[in-house]
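After this come two complexes, each holding subunit A, first together with subunit B and then together with subunit C.
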Partner chain A sequence: MSKYRIMVVDDEKIVGDMAKMSLEQEGYAVETFLNAEPALSRLKEEKFDVVVTDYKMKGIDGMEVLRTVKKLYPETKVIMITAFANLDTAIEALRGDVHDFFPKPVKIKELKASIQRALSK
Partner chain B sequence: MKDIFGHLRSIFGFLKRQTRGFAGEIDYLSFKTLFTRFRQVLDDHNRAIEVIADMGDKLGGDYLFDINYIKKAYSELSGAVYSSMQNFDVLTKNKYIKLHDVFERIDNQIKRIIYDVPASTGLVIFYDNITWDMPRDVGGKNSNLAEVKNYLKLNVPEGFAITTRAFDEFIKHNGLNEKIESLGNPPISPLGKGETLFNSPLGKGGLRGVMPNELHDLIINGEIPSELSAAIDDAIERLKEKFKGGLACAVRSSATEEDSEHSFAGQFETVLNVPLKGRAVKDAYKRVIASLFSDRAIAYQRQMGYEPGRSKMAVGCMAMVDSASSGVIYSTNPNGDGNTMIINSTWGLGKSIVEGQIDADFYVVKKDINPEIIENRHGRKESMIINLRDGGVNKIKTPDSMMGRPCLTSEQVLELASRAIQIEKHFRKPQDIEWAIDKDGRIFILQARPLPPFNSPLGKGGDGGCEREAREFSNATILMKDRGLVVQKGVGAGRVFILRHMDELDRIPKGSVLVAKHDSSNFVRVMPYVSAIITDTGTPTSHMASLCREFRIPTIVNAGNATQALKHGQEITVNADDGGAAVFEGTVKTLLMHADSNFRRMEDVYEFRRKRYILRYIAPLNLIDPLEDNFTPEGCKTIHDILRFIHEKSVSELIGISRAVSKEHAHVKLDLKIPAGITVIDIGGGLNIKPGQRSAAFEDIASIPLKAIIKGMLYPGVWHSDMVSLKAKDFLTSMMRMSDITSDGLSYIENNVAVASKEYMNLSLRFGYHFNVIDCYCSENARNNHIHFRFAGGATDIVKRSRRVELITNILKGYGFNIKTKGDLIIARLANIRQDEMENILDQLGRLIAYTRQLDAVLHDDGAVERYSRNFLKENYGL
Partner chain C sequence: MKIEHKIILSNVFNVALIVLIGLFAFQNLNLMLTKLRFVEIADDLNASFLEMRLSEKNFFLYKDEAALFDIREKIDKTVESIGLVKNDVVRAVGEKNFELLNLHLKSYSDVVEEMRKSANRNLQMEAKLRTEGKKLKEFSENITHLERTGVNDIISNSKRILFYSFWAIFLSAIVVSHFISQKILRSLREIENLAMSISEGNFRKIEGIILNDELGAVIKAINFMSEELRNREEQIIQSKKLASLGVLTAGVAHELTNPLNNISMIAQTYTELYDKLNREERIEFMNKVEGETERIKEIVRNLLDFSKPKEANLKKTNINEIISKTLNLVQNMIDISNIETRLNLKDGLPPLFIDEHQIQQVLVNLITNAVQAMSGGGVLFISSRDGSSSGFVEVTVMDTGKGIPPEFLPHIFDPFFSTKGVGGTGLGLSVSYGIIKKHKGDIRVESKVGVGTTFTIELPVYKEEK
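Moving on, here comes the complex of A and B:
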């Protein structure tokens, strides 16, 4: 069976690098992007099983990524992470059909568990 | 007689010192204000320590974090430190104003990481000042060595780096830029089939635009720019000061790519035993930087895929070790199973080994908790290299008496092995380490660089591994589970060492699991050597806890009765993770193999390492012991040090201020069943009495610490009102020391004062000839809590007095006090203790004070110390 494909979009390199390191350890194929534009072009070429995206980014933000993903692949799950967590952003994300929502710093164990849940649904 | 007066003087001197800085009395109201400042210092301290603990956790490899987290956390931390310093300044009347400069310096370092400001190095930089972000400035070799020196704190010769900026200046000054650029494009492809470095056109020269060795020669004959020349002269002078007595240095290459992915071993020049004189060092400097452009080095760089014109050469100048023996360690044996290392050694300088001496000594050492020599071969060592008196080195025939004799003792081999394990653990890769042992037996690390990768048998485990692991895991007998708080996650195995007294710390065998009743920052001394720590009491935010996180020692605190449940010498495995703590019987190898793997993997992520580096300026604690010389503002290297300094000095300051509080204000006599004659100055919530009431009963005491200590003093049987009979000599001594020997029947009016609030107490007691100061903060927050106990004086001769010192020290040690004694002065400190335990200890202290009031009069022999200690602990208080 081919590996599950996971995309991580965050404008800080450390987040993508750390996520890649820990998720590859679980056997996922991981691609990371520092901003949304190239990530969205990549999505047009290929389907990912889970997209983990930062909420607040320069240019296209996480909500826009969520909408595009859902339009292209309704079954792909999106996990939103943000440093600026408040109730409003959480509600906004949930209305946009987000699979999960984490304030940063994100416990890697919890992110992994969330991805597993996303894939088993 | 003179001695007796001298002694009296010293006692009064001791008391006088307590009030230093507050000459005369201070009024009640200003004391209340100062006390408020003290409490603010405590609050800020707590807030800051919590942030440090959180940062340690979030930056520990288990969380995805970004710079926003670091910014937010640091802004909270620096805010707390700043506020703490403001209050501290008021409390100490600006006595430690230098602390602001220290904070600013550390703050700048941290902000450089947060805001990605590149380091600005000069032409020359000493190893002490080289930091994480300087490999491009000082080269790989210097950078690694500085790390070994500054972070691992291993012995590295004093020295300085001449930076790549100096190299640029030199090249520019001599107009060599163009020639160097012309090296950029190789005229031919890398080595063809059958070609080696030395028979290919590459190795034979043939560089477009530059004649063979031309650049090399131009550099040798080049001129050192005057600014660089002056910087080197200055550094030489400073090195001479640091390295007392030494007159020579080794000048080594440290190219920007060297010792990183590719070792460049032996490609560049090293000049040994260079006299510490401007001219000699500069000539050696030119020889080393010129070696970057030797044909051989250029060929090597091309073969490894580097563009020769782009490499830069920094240089290291380090004090020359007068080696008795030296050699090389491969921290992982390339031909082994990953669990062994090899050590080569020879007489004199290690140059011969690096150059391939074949008859050196050879050891294979098992990399274990306690390393073990599993193979040794002692070579003839026909020749050796020695330093010449006027500079340079020479190969000589080894004297007959040394030829064939091993040049290391087994202890030295094992010591070297432990250091190699430490270095490998730190750099996370097998290391090629050069070392030397000088004629005084001191080990120096001269170089540490990664070994080229080889197929490690580690990490080969197939899928069957998990199942096996689960089976082995489930078979292990659980000794303790779900008890205590995890301070540092991880797995550690070893034999239990139950620490009863702090004196035993030096006797802990390496690799032990340290089990103690209380936590203590003094454990830092053994942290590099123990495999785990468990304490019965303690909090995850204590100083010790931060140290355990720094050293990544699996640690569990507040485990209840570990000192009872575990047996001294028993082999155990400690597993501390998210799910809590568990202790297994024996060594559970599978657990150990996976220990810390998440962190180790993350450490391979450059960005993670880089951001995590910030913790080095925040979390480590260098100011361990307040009685050591480095306990100064200048000794503070991290934010944690600053906090520790402020906290400790605030407490000392408060003791001084409390003693100076005027007794005229709001004092109330304690009306107790014993004639202790204690007057209380209530600074808020200390007593529960009506306004204007001038005396208070035991029940009226609201101050938690005062109540606890008085409770102890009132314990049935501890206060002996009968005068103990003094022998004739004691009597005479005491008559000369004090006028009123019979005062015990009376109250000690005016002698005994307690300054108290709900949570604070400063109690000064004078019973006849004994002076006692107990300063204590006792609240719900364990981190705020401290007891400082000082004791001096006695009526009898010095032998009996020292017996009492021994007795009190014995008992205090049992409660985990950190103790210093000087003559018959005892200074004992204890901190970070839970309130219920504090109250218990204070109760015991109360009993101890009452019990030992006259005890020295009956301590006729050394056996009595033991006897009375035992009696005290058994609550048998008869004299």
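Moving on, here comes the complex of A and C:
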């Protein structure tokens, strides 16, 4: 069985680095991007099973990433993480059919559990 | 003395003058009436005397004895009639003339009586009769003439005095009202100027001697207001800053969340992978934590800088050095924004009397605004030169950005006014304005939509005596 492919998009480099290190321990193939444009181009080339994206980014934001992913691959799960945790962003994300929503600081164990749930569906 | 009192005093003076003139005119009229009454009496007397002289002539011509009797009768009648109007006559010609008149009448009457009773009439007696009659008539004509002249004198005197007093009242009214209105206008002009300069944010005072009148009270009140405004301005800026801290806190919380999240994720990953990491990797993890704490420190320091009120620490400073230092601070921001910087700093500018850090803060604000206005890249011009007014040096920060719409220009130095939407606190330019004003300098803006914006600050040159 080939590895599950996970994409992490966050303009904080450490988020991508740490997520990659930790998720690779679980046997996932992880690719990280500092902003949305190259991430979306990469998505057009290849399908990912789970996309973890920051909500607020310069240029294209997390909501736009969510919409694009859902348009390209409706079965791909999107997990949103944000420093701007409030009800409005959560509701907006849920309407866009987000799989999960994490406020920063992120608990990596919870993120991993969420990814497992996403993949087991 | 209060203006109200001055006006009342001048009015009282004028009214008193008018009353005096009125009394004088009344007095003159009375005198004139008396004199005229006398002239009337005198005319009657003269008519009687003329009749006496006629009878006298009849006597001499026709030796008519009855004529003498007529004269006697007329003299008696005259004495009786002037006795009746004695008061009027005395008032007009005086007691002495009245007595003289009676005396003349008496001696004329005596001569007539003597003539009547004497059988032996000689030429000497006749001459005496003529002389007395003539004397009486001449006396009467004299005083009549005198009184007519008197009446004329009174009229021309009254005319002259009324004429002069009219001008006196007129001039006093004009001079006093001119003096008072000039004084009021001068003070009002000063108050107007002060109000204008207060509205421009320059809380000065009216200097010089302040009189103890209504205008003095207004000037004192305005001076007090100006001083209060100056005291409050600081407090207002400070309290507005504190109020905006609430808004700022939300932004700061977000900014802190990212490094916090990073530290948290580093720690979680470090724990998870501890056994698999070699020494160098572990040190690298901790260095990353250190880097993130630096980020947090910087955010907190900026927040403290913003909330702390700072007194300007004025020192002799070279402005070109400050511009260069500031550029070093913001160079990174300029570079990543695809902006070209062109400097035109004049050599040999005089040193300024400024607070280096505060002016740096102003320059950072202006440069940050310029960079943000040129999101698509552009050219940032920074220049220094001698000021348009002597004793000042001018620094301009010019961009080729989107410009500020003319309707926003009057508000850009207002606290919380921002054209940047959620991105700006609206405090950068307001704080810059406060700093430049505290330096007794000036900050101006010119802008054209689609062309760019130029900020010019003028700062005072260092003077030895400071």
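As a working rule, the second predicted complex is superposed on the first by the 121 of 121 C-alpha atoms of A that agree within 3 Å, B and C clash if a C-alpha of one lies under 4 Å from a C-alpha of the other, contacts with A are read in each partner's own complex, and residues count from 1 in each chain.
One rule holds in what follows: a contact is a pair of C-beta atoms (placed from the backbone, for glycine too) under 8 Å apart; a residue touches a chain by one contact, two chains touch by 3 or more.
What you are looking at is a predicted structure, and each value in this text was computed from that prediction instead of being measured.
S.K.: Give one of first, second, both or neither to describe whether A:14 is in contact with subunit B, with subunit C, with both, or with none.
M.R.: A:14 contacts both subunit B and subunit C.
S.K.: Specify the partner with more touching residues on subunit A, choosing between subunit B and subunit C.
M.R.: Residues of subunit A touched, subunit B against subunit C: more for B.
S.K.: Now for A:22: first (subunit B), second (subunit C), both, or neither, which partner does it touch?
M.R.: A:22 sits against subunit B and subunit C alike.
S.K.: Determine, under the contact definition given at the top, whether A:105 touches first (subunit B), second (subunit C), both, or neither.
M.R.: A:105 sits against subunit B and subunit C alike.
S.K.: Of the two partner chains, subunit B (first) and subunit C (second), which one does A:83 touch, if any: first, second, both, or neither?
M.R.: In the superposition, A:83 touches subunit B and subunit C alike.
S.K.: Determine where on subunit A the residues touched by subunit B overlap those touched by subunit C, and list them.
M.R.: The answer is residues 12, 14-15, 18-19, 21-22, 25, 83-84, 104-109 of subunit A.
S.K.: Going by the contact rule at the top, pick out the subunit A residues touching subunit C in the complex.
M.R.: 12, 14-15, 18-19, 21-22, 25, 83-84, 104-109
S.K.: Which of the residues in subunit A come into contact with subunit B in the complex?
M.R.: Listed in rising order, the residues are 10, 12-15, 17-19, 21-22, 25, 81, 83-84, 104-109, 111.
S.K.: For a test of understanding, state which residues of subunit C touch subunit A in their complex under the given definition.
M.R.: 254, 257-258, 260-266, 268-269, 272-273, 288, 292
S.K.: Can you list the subunit B residues touching subunit A in their complex?
M.R.: For subunit B paired with subunit A, touching residues are 58, 62-69, 578, 598, 601-602, 604-608, 611.
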